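In what comes next, subunit A is part of two complexes: it sits with subunit B in the first one and with subunit C in the second one.
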Partner chain A sequence: MPDLRLEQVTFAYPGDVRVFGPPGLTLELKAGATALVGENGAGKTTLTKLLNGLLRPTTGNIVVAGQPVAERTVAQMAALVGYAFQNPDDQLFQRTVYDEVAFGPRAMKRPAERVAVAVKNALERCGLSQEAKTHPHDLGLPDRKWVTIASALAAESPVVVLDEPTLGQDWAAKGRLKALVKSMVDSDRLVLIVTHDLDFVAEACSRTVVLTRGVIRYVGPTISAFADEGMIHEAGLDLPSTTRLGLALGFQPVPVGEGAFLRAIGSKR
Partner chain B sequence: MTAALTMRGVRYRYPDTTDYVLDGIDIVVQPGEWLGVVGATNAGKSTFCYAAMGLATEFFHGRLIGEIEVLGTEVRRQTVIERSTRVGMLFQNPFTQVSGARERVDDEVAFGPENHGLEPALVKARVAEALQQVGLSELRDRHPLDLSGGQLQRLALASLLAMHPELLLLDEPTSQLDPGGTKELFEALSRLHAAGVTIVMVEQKLEAVAELCDRVVALAQGRILADGTPARVFNDAAVQQQVGAPIYVRLAESVGLPSPWPTTFETAVRAFNA
Partner chain C sequence: MPRGLSIYAEGNSALHRAHPFTKGTLTLVAIAIGFIAPSLAWVIAVAVILLGLLTLADVIRRFVPVALGILLPITLLLLIVQGFANPANRTVFFPLGPLSLYREGLAVALLAAARIFCLISATFLLSFTTRPADLAEAMMQRGLSPRFGYVVQSALQIIPQSLESAARIRDAQRARGLETEGSLLLRARAYLPLLLPLVLSSLVATQERAMALEVRGFGLSVHRYRRVVLPDTGVQRALRWFLVALVPLAIGARFAGWR
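Moving on, here comes the complex of A and B:
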């Protein structure tokens, strides 16, 4: 099962810049789409980099898909955690989009045939089939972002981390992304989405983790997270548009997402 | 009154390419307007800003056809450095913007005014004012590269504000910001708008565009698809299809409310209550 467990994890950057102090983060997630939300500087990206061994905790244990991260190399973890960085330029270094997306599975020494199928599939689903031979840096930011997402897909890992996937994406692309997350969830993967886009969270993530200044403030269903308006505002977040509108219209229970909003208005009429 | 920005028959393509990224733009932006520029990916939104700033011709080179006047001066008759005393451009990625030469936030903000020869006392006052406008006063002694993405974006804006620009060109200014930072930035921009600064803002958050901007231009394939008030532009079927619209439009349409559909929170509350 692609599950993920953090036990009393503390972490500080060199120079004693503490992100997660004692008693440390304890968190358990299962397959499905989980949003990781919180203010700039809350520790969201740091947390995700602990999952694939890019950063190592000061104390505590992390187990991903049954594997203790402390005993694995970053290369070994890459097969378990596909990762799309927030800034694509931190990640992209191959000469073509195809090679970029194929880099992970090739490095994992997967059979050429399987790599070819995975890459083709990932490019297709990310709308990049026409760009296979393009140099990643000739693409605009939103498309470079899609290349990182395609790379995470092609790794066929049980856990996928998407850091700010909606950044710079237009309306149509967000719809495509939502469908992609759903299909990953349907194939029983654990998708962790770091984002400030709360409308996207409302549409695509059934569970939410709220992080504030290095402390987990909430873990649970997305619906209940946004029902607690006080907690959301304290965490420096906002309500999804559908929830805010539902509240103003006096809908009970408070709708989260377009589907819930339309059901609420349907039952009122 | 001299227009803040005029484009006449503007077409532009990057070097070594055949497609015009801007393909026949005609627009006049009046002083004091807050113009939202929206469009799908690759519609030409960033290039629109680069062209207005003069970067398209001076930095990227490429081929520009037509005329662009910024605050009354043809864009090719002035350098970007000369223009930057009156026009500020904020890039999508704030890492592109910080000088890299300064080790403190306040020194970074002072970079522009100092290089344009302002007196030290005036530089100091401008820096304090700009940091306060973007809510970074408390971080003034930090190293710019120790800031979070959102703080860095606000630092980049402060560096522009210290020049007291008449025209701001903003390329997705909130894309790196959290909801709190987004709200702060929009509040800072609202104050500048109230003070008469002209703002041209590329933005994907269509709800914010509808709430804040006086006027919206929707771009598609380098052309203007629609130009007008947010309420009008986001009720245009072609815009809805190719660019999108605030979520309220989609909800109202799904529920079967009569059009025109609401584009802002307040109008949505009224429409759904009716």
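Moving on, here comes the complex of A and C:
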């Protein structure tokens, strides 16, 4: 069973501002790291907000982890879809990082022991254990972003949405993020990463969904998505640097990610 | 992107082209006359003139649903409160079991509702036909400090920006399991997680806005050139004086027995 299924989903904001028109979006995703890419205004964030009921589709059905979204409130969906928003300051309000990360599981009325374990685990995996008692607003923006990622993690949901997780992150932090995504995938979760950072996609996401102007242009392996340079450009993006370099050097197949590029270089020697 | 707290409707009517001060004067005078006028018939006459001007400005279709949305609940409340409980109630208009609606109270309610209608229609006439930026610019051209002009304009932008922030914050907290709908207690509990990020982000935005202004030389004491020059003709000035003169005339008429 797919972790996520959209069936002919159409959506328009009030005032008939259409984002997904007929015949609607149809999409199935299973556990793994999937990138959701597209130009600004393509509908990426709208799509993710449909997954937890923050927005309701005009027509069509959405099923997450076997549960129809239409039959659940947003608060109920929080147990199924962990969501790290783009701007951490939209959610931080507790006095400590620990309480901030614990807010979601507590709101879901989970037992205290389970909350403690989930929070400790999330803080460790996000490199925030030393900051548990720090006020979130005493942290820099990149670390505040990690607090929101830890919050999404602590929900222990089968689906995790990370909206622009690499924004403002340095190289080392991106490496930690890649490792975190891999560990979530290893625990059989679906990680949906909304991003413009195709270098990160190349490193961390095995699958990619390309959304342009409210239409799904591509769903499949990232390596095949990056083989279609025209489609990537149409989505307002550019290929990862290693892939562009590989193309310029005439490598076939086109290398996706540093590892693939280094292997391609090695084979040429 | 926030549109700003403006309900300006694009148009090229005489009212759209009029100087903001002329429209502002018209608004204030219409409201004043509406409240000075002694009877329902006179207040309705002011309301009819305002409706005519709204039609002339081609904004009547936008005005009607807004006005009804505001006026209907207020009128209903006035009719109930005044109709049943006005101390001057003597003449039964409509008996309702143990209670009765009284003619005197209903008359007071209708007069109040008509005056509120004048207030609403005059205010919307100004709002629909005047860009807030033009109003602030007109005030600055008459010597208002650019700092105050900025405060006026930024206030009009900050409110919708804050509303957008509030919506984003609500989404972020709901996505973490916060119940924001349901009983009063549930909603009260949701207050803190929604309010604190909003206050913090507003403070940060205010600081950033102030810094952005200063680095662009906002505080410099230099001669400022006008972005736009709003035409103000002799006819418009005369019209403003005529409108202003109507207010003391109306007050005088009331003292002289205008009924």
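We adopt the following convention: the second predicted complex is superposed on the first by the 267 of 269 C-alpha atoms of A that agree within 3 Å, B and C clash if a C-alpha of one lies under 4 Å from a C-alpha of the other, contacts with A are read in each partner's own complex, and residues count from 1 in each chain.
Simple rule for what comes next: a residue touches a chain if its C-beta (ideal position, glycine included) is under 8 Å from a C-beta of that chain, and two chains touch if they have at least 3 such contacts.
A quick note: this is a predicted structure, and the numbers were derived from the prediction, not measured.
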Original post:
Sharing subunit A, do subunit B and subunit C clash or fit in the superposition?
Top reply: clash
Original post:
Given the touch rule stated above, what does A:Ile265 touch, subunit B (first), subunit C (second), both, or neither?
Top reply: first
Original post:
Where does A:Leu198 make contact in the superposed view: on subunit B (first), on subunit C (second), on both, or on neither?
Top reply: first
Original post:
Which of the two partners, first being subunit B and second being subunit C, lies in contact with A:Leu141: first, second, both, or neither?
Top reply: first
Original post:
Thinking of the overlay built on chain A, is A:Val256 touched by subunit B (first), by subunit C (second), by both, or by neither?
Top reply: neither
Original post:
Which of the two partners, first being subunit B and second being subunit C, lies in contact with A:Ala75: first, second, both, or neither?
Top reply: second
**OP:** Classify the contacts of A:Gln169 with the two partner chains as first (subunit B alone), second (subunit C alone), both, or neither.
**Re:** first
Original post:
Touch check for A:Arg244: first (subunit B), second (subunit C), both, or neither?
Top reply: first
Subject >> Among 4-12, 22-30, 40-48 or 112-120 on subunit B, the segment whose C-alpha atoms clash with subunit C after superposition >> reply: 112-120
Original post:
If you lay the two complexes on top of each other, which residues of subunit A touch subunit B in one and subunit C in the other?
Top reply: 87
Subject >> subunit A to subunit C touching residues, read off their complex >> reply: 49, 52, 54, 73-75, 77-79, 81, 83, 85, 87, 89-93, 103-105, 107-108, 137, 151, 155
**OP:** Could you please specify the touching residues of subunit A with respect to subunit B in the complex?
**Re:** 38-41, 86-87, 140-143, 167-173, 196, 198-199, 236-238, 241-242, 244-245, 248-249, 258, 261-262, 265-266
Subject >> Touch list for subunit B against partner subunit A, complex >> reply: 39-42, 46, 92-93, 95, 148-151, 172, 175-183, 204, 206-207, 243-245, 247-248, 250-251, 254-255, 265, 268-269, 272-273
Subject >> In the complex, subunit C residues that touch subunit A >> reply: 165, 168-169, 171-179, 181, 192-193, 196-197, 200-201, 204
